[in-house]
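All chains are identified by letter, namely A, B, C and D, in their written order; residue positions are counted from 1 within each chain.
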């Protein structure tokens, strides 16, 4: 005959119809920013790995040097490097490869051996920590005067500080969003409690326990925030996909790899669940606090 | 059942709206509370249905000092009290049926039992055709009868009715009073605040008269 | 002043709650409307205060067919009508003073005039000490008196009161009826829906009796 | 004695206490994103200007060429360039400068004249539109075989497409935010109207005109949205300033100039005003629509 109607129709209340939207937008932004932060961290880690994987040594030819003299100096550099602690693979780049790298500058039709090109040695670290760069640079200068060591330190610092700044910003933004979303839940639940104060009071006077009343709100807050955060997440993932497509159209050399690891994806999905949980618990606590103020 | 000792009551920091009220109601008794508008009738009932605490004195309900009952025990006490509020306090978005079913649902009764009892009672108060109407679509007197049905559905031990016949004609009023007497006969203690002199004089029950916050007399009946 | 011709009324797609109601009220007349709960008294008044339109028939107010009045003219018509709603409909966050002042403010009266008139009228209905109390802090009868004060403050040409004495004792009820008679003597047409037989019999005014949506009789007075 | 109290206390309503926050956050995000879009446009315009200002021609030395032969080919190239339509200034880069540019590759101690470096000619457009690049390249090849023209076209395309993508994104985000904010105003006003329906109905029955009622809401919506959008803007400007400081700490060579023109700043301040206007008008229309549904 008569199915029991919802006692506290939180979702039919016009003010709470707003809540899924707010939560949706908040979760959307939080997921996007969180994804951006994760990607940034990935990119930074990548660059850092590449750059701190080793360094480059250039041995320029002295004016009027015989090719043999240059070879001897290269050998001295290689020997010094191999003896240094923490240094792993040491590879001498052939003059042809160096010439190729210089093509944009020198034009295509140069013969490598015609030019007094500097010789390049690429060095990989075996154990970054044990390498004493300053001592090594001094030793190399001794072994082959004029040797130039390029350990990317300057660029690394630039990028680390840039990425660090952006990550701080992302953290602040996520905190701000979380705070706003929580404030929204608190305000909306309070408002709901205020609007439905009459009903709550009647339930209270009829002998309903606080838990009975809180449960009604809590249950509905859960479903509302679930719907909001689910749609926010779906939209965010769609946006990320579109951005990925957009980035894919660009030259891949320009853009670093824009994809998240499996573990990071899981972390990303935790955002809406967390939002849901916070909303539900906030609703519960707000209602209980309001009830406790009743006689 | 109900005992007031030197009870004073005030709203917030306002003046005392009840002062030095002392009386005792025996289980199974039936009292009218009367007095001019603003005398404190509704306030007196509020103390009895635990919506307010006295600012001084003692209120004893079901042999317990209500100022000392822990918060967790209040719901259980309240379930033994049925209240007809002066302004009805129906849940506007629930049907008449669901409004009346509330006290049973809160107490955890089974749906079949609820369905049977609620339908029966609403039929008895003349709302058979309005079971599924929401309060805003009911007339004033119909809403009042829903409020009365909600107060009595769970067979309370103490029934408090505040002006329960202000919006119905005398024929229905008498019928509702019979309902209260029926409950009273089954052991419910009844307290009715009312201005309706014809009702008071028609049923010979003791009368508590309030004036300006004080209990000025308890007459054994209007006929006296 | 008020003319109903074969009026029918229904809420949404529901059944007719008023049917074939025909009558005419002369300017300066004073009528009681009575009948059992749910008979359609409030619905009849709703048609008169333009809260609802008839589903058939004609309603004429101030010599204008209300079904043909353009929307823009309704506020002007409504300002000539004072209404006491059965459920008061006070603005909960405004003081008694501001509630009563509303009709004058809406009509654009000056604040000094408002202050003088409102204070005077509230004093007259016994609420001198409650000018700044909000409705939730007033007793049922006090709220009812605020509602009555709001209805009469702007000296309406037509006064409609729906159960205006349900929450006050007979002494105050008689006093309020005197207020209505005073206005009536100054030219206001008065219609009062009530269940209160003692009031009806005390004041000898014509009585319109409704039953199940039909106007069953118009007696010239209870004394007849 | 008694000052008239606010008839429709929109701002005391718990559900509408949320509105300034929502509007604040929305305006904050909108201003930030709008600023980012403007900056992007500035950067893109800058790059575009620099890159489309002209191009570079390289004349590599043929194997075993005499220096005079190279000079002759440079002269031929310069002559061809000066005769071409739309070409402005033509500057031959001295071998020393070229050597300097090559220093990172060749090491510091090379003598420019020792090396068979390519000669570089920098060309500025006088009128980009009238230049027929393909024809010009063909003519240059004829005048001096082996000539390489680098008109940055590839990079320009990359950057234009990247910036274009980001700008589309910013536009979509601003539209989304505007939409959400408007939805929030509509929902909140509707909710307010619903909550205060009783008051509105009484006013209506007492003879208040629609305009009287709408005015009450509208006035309060204006102040609420003004407070919300003002604080959002202030926060956004503070954030932009902080970001500017952060960027200033980086090497300026890495970051393009991050500042807005006066006109753009004005445009930025239009965002909160627009938000305010939209909120006020939305409130008015919502209330009037609700009133029109009353008899």
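Methods note: a residue touches a chain if its C-beta (ideal position, glycine included) is under 8 Å from a C-beta of that chain, and two chains touch if they have at least 3 such contacts.
None of these values were measured; they are calculated from a predicted model.
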Labels of chains that are neighbours to chain A and to chain D: none
If you check the contacts of chain C and chain D, which chains show up for both? none
Just the chain pair, please, that has the highest number of C-beta contacts. A-D
For chain B versus chain D, what separation do you get between their C-alpha means, in angstrom? 69
Averaging C-alpha coordinates per chain, one finds the centres of chain B and chain C separated by a number of Å equal to 29
So what's the Cα centroid distance for chain A and chain B, whole Å? 64
Chain A: positions in contact with at least two other chains: none
Note: chain B residues in touch with at least two other chains are none
Which of line, ring, star, complete and other names the graph you get from chains that touch? ring
Chain pairs in mutual contact under the definition given at the outset: A-B, A-D, B-C, C-D
Given the complex with chain A, which residues does chain B contribute to the contact? 49-53, 71, 75-79, 81, 83, 89, 91, 93-95, 97-98, 101-103, 105-107, 111, 115, 119, 131-132
Residue numbers of chain A touching chain B in their complex, please. 1-2, 4-5, 7, 9, 12, 198-199, 201-209, 212, 292, 295
Give every residue of chain B touching chain C within the complex, in rising order. 11, 34-38, 41-42, 86-87, 126, 137, 139-142, 145, 162-163, 166-172, 195, 197-198
Touching chain D in the complex, chain A uses residues 13-15, 17-18, 21-22, 25, 29, 58-63, 101-102, 105-111, 114-118, 146, 148, 158, 161-162, 165, 169, 180, 183-184, 187-188, 190-191, 194-195, 243, 246, 249-251, 254
